[in-house]
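Each remark here refers to the structure printed beneath this line.
Chain naming follows the written order as A, B, C and D, and within any one chain the residues start at number 1.
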Amino acid sequence: MSDLEAIREAARQFREERDWEQFQDPKSVMLALVGEVGELAELLQWLPADKARELIAQEPLHTRVAEEMADVLVYLVGLAEQCGVELGPAALNKIAKSSTKHPIEASRGRAPDKSSDRA
Amino acid sequence: MSDLEAIREAARQFREERDWEQFQDPKSVMLALVGEVGELAELLQWLPADKARELIAQEPLHTRVAEEMADVLVYLVGLAEQCGVELGPAALNKIAKSSTKHPIEASRGRAPDKSSDRA
Amino acid sequence: MSDLEAIREAARQFREERDWEQFQDPKSVMLALVGEVGELAELLQWLPADKARELIAQEPLHTRVAEEMADVLVYLVGLAEQCGVELGPAALNKIAKSSTKHPIEASRGRAPDKSSDRA
Amino acid sequence: MSDLEAIREAARQFREERDWEQFQDPKSVMLALVGEVGELAELLQWLPADKARELIAQEPLHTRVAEEMADVLVYLVGLAEQCGVELGPAALNKIAKSSTKHPIEASRGRAPDKSSDRA
């Protein structure tokens, strides 16, 4: 079983044991994902940009960041389940598509433009 | 190699070929993640809540939703890399922690409160 | 003084008294805005869509929703200040631009498409 | 009429002329707000943090940033209307509450903690 499948199954079991599947619908899970993204952003917001990586490596911030990322992933996996999306293949396909869209020579060293894919 | 590792390696190669690693720092990748979450939200926003799952199952919406989810995942994996977080184990640990926090009997069938973990 | 100006001045005074202006830069304030949007989303996420308005009208939820919206607005006003944007005129201009983009007859009663402006 | 009231009235008229009020409910407008926040984040994501303010002052970026902020505000005003919230007074009240929560002497010059209000 892949790691995304393991997460999906563990989360589904968690919800089923609590009879929480009834609250899952795409727009609700999307909002829950937004909530977790917000919590992750709060952990990073006031870090000086040039010291962020170094500060995130230190505890207790590192563990808190890991937990918020985990929450984002768990809801993303749940949303994919709601939407019938296979997340792993979808991500690899998207990177392949971005590779075609951004030819290596034309893209090298230039900050990707906001309107393009930036995998 | 796990799903998440495969995505991380494909994305890293994509960036390295284009010399885009230089643009990666935690706050920038966090904002890129927010951008993709926004694109995903836009696809769902006006769907009637009670028909969202059914409408998302139809093309071309299904493919677009899958692609935006893919983008969210790719940036989340990139952010985890920036932050030294192993995303797969972190997610499974978080679900286990939520299981302790929300005892089955006390939680059954009650919509989880906003201030709690809702894995 | 307009209400957006009153908010801007009150927030600026709050920060100046605490010597917090030093932490304000566009990407940091943007992330702070994302954090508050996440907190607002958390309050709405599990509400049944067809009862959301009615439930939000009740206390204590109503006051919590008002406070999170307030936080979003305060950071948006702060971000506008960082970026030299006059938020009030910008919003009225954008609505006027959307009116041109979406002619009344062609748009009537059709859910706006995700790729268009939806003021 | 205050700024925020003028925006609310212009947006309401825009929607009424197009018979779009029917698509407005709290969770949908919340997702639309998230979509616009994402578009704003995309404009800032790859800017070097220490040059962001200067780069945003230049065209065409300045106008695009102003337009995306405008969209965020228009949806926030629309969401407040859905939720029966008076946004202007709510923001001033929240700043006053934050002032009590963060006494000046204890807060001076210390980056606000993520778990606190940061008006």
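Just so it is clear, a contact is a pair of C-beta atoms (placed from the backbone, for glycine too) under 8 Å apart; a residue touches a chain by one contact, two chains touch by 3 or more.
Only a predicted model underlies this, so the values are computations on that prediction, with no experimental measurement involved.
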**Item:** Between B-C and C-D, the pair with more C-beta contacts
**Value:** C-D
**Request:** Would you kindly tell me how far, in whole Å, the mean C-alpha position of subunit C lies from that of subunit B?
**Result:** 24
**Asked** What is the distance, in whole Å, between the centres of subunit C and subunit D, each centre taken as the mean of its C-alpha atoms?
**Response** 2
**Where subunit B touches two or more other chains, by residue** = 23, 25, 27-28, 30-32, 34-35, 37, 41-42, 44-46, 49-50, 111-112, 114, 118
**Message:** So with touch defined the way it is at the top, what topology do the chains form here? Options are line, ring, star, complete, other.
**Reply:** complete
**Request:** Would you tell me which residues of subunit A are touching subunit C in their complex?
**Result:** 23, 25, 27-28, 31-32, 34-39, 41-42, 44-46, 49
**Request:** Could you please specify the touching residues of subunit A with respect to subunit B in the complex?
**Result:** 2-7, 10-11, 14-15, 17-20, 22-23, 25-28, 30, 32-35, 37, 40-41, 44, 47, 49-50, 52-53, 56-57, 62, 65-67, 69-74, 76-77, 79-80, 82-88, 90-99, 102, 104, 107-109, 111-112, 114, 117-119
**Asked** For subunit C, which residues count as touching subunit B in their complex?
**Response** 27-28, 30-31, 34, 42-43, 45-46, 49-50, 111-112, 114
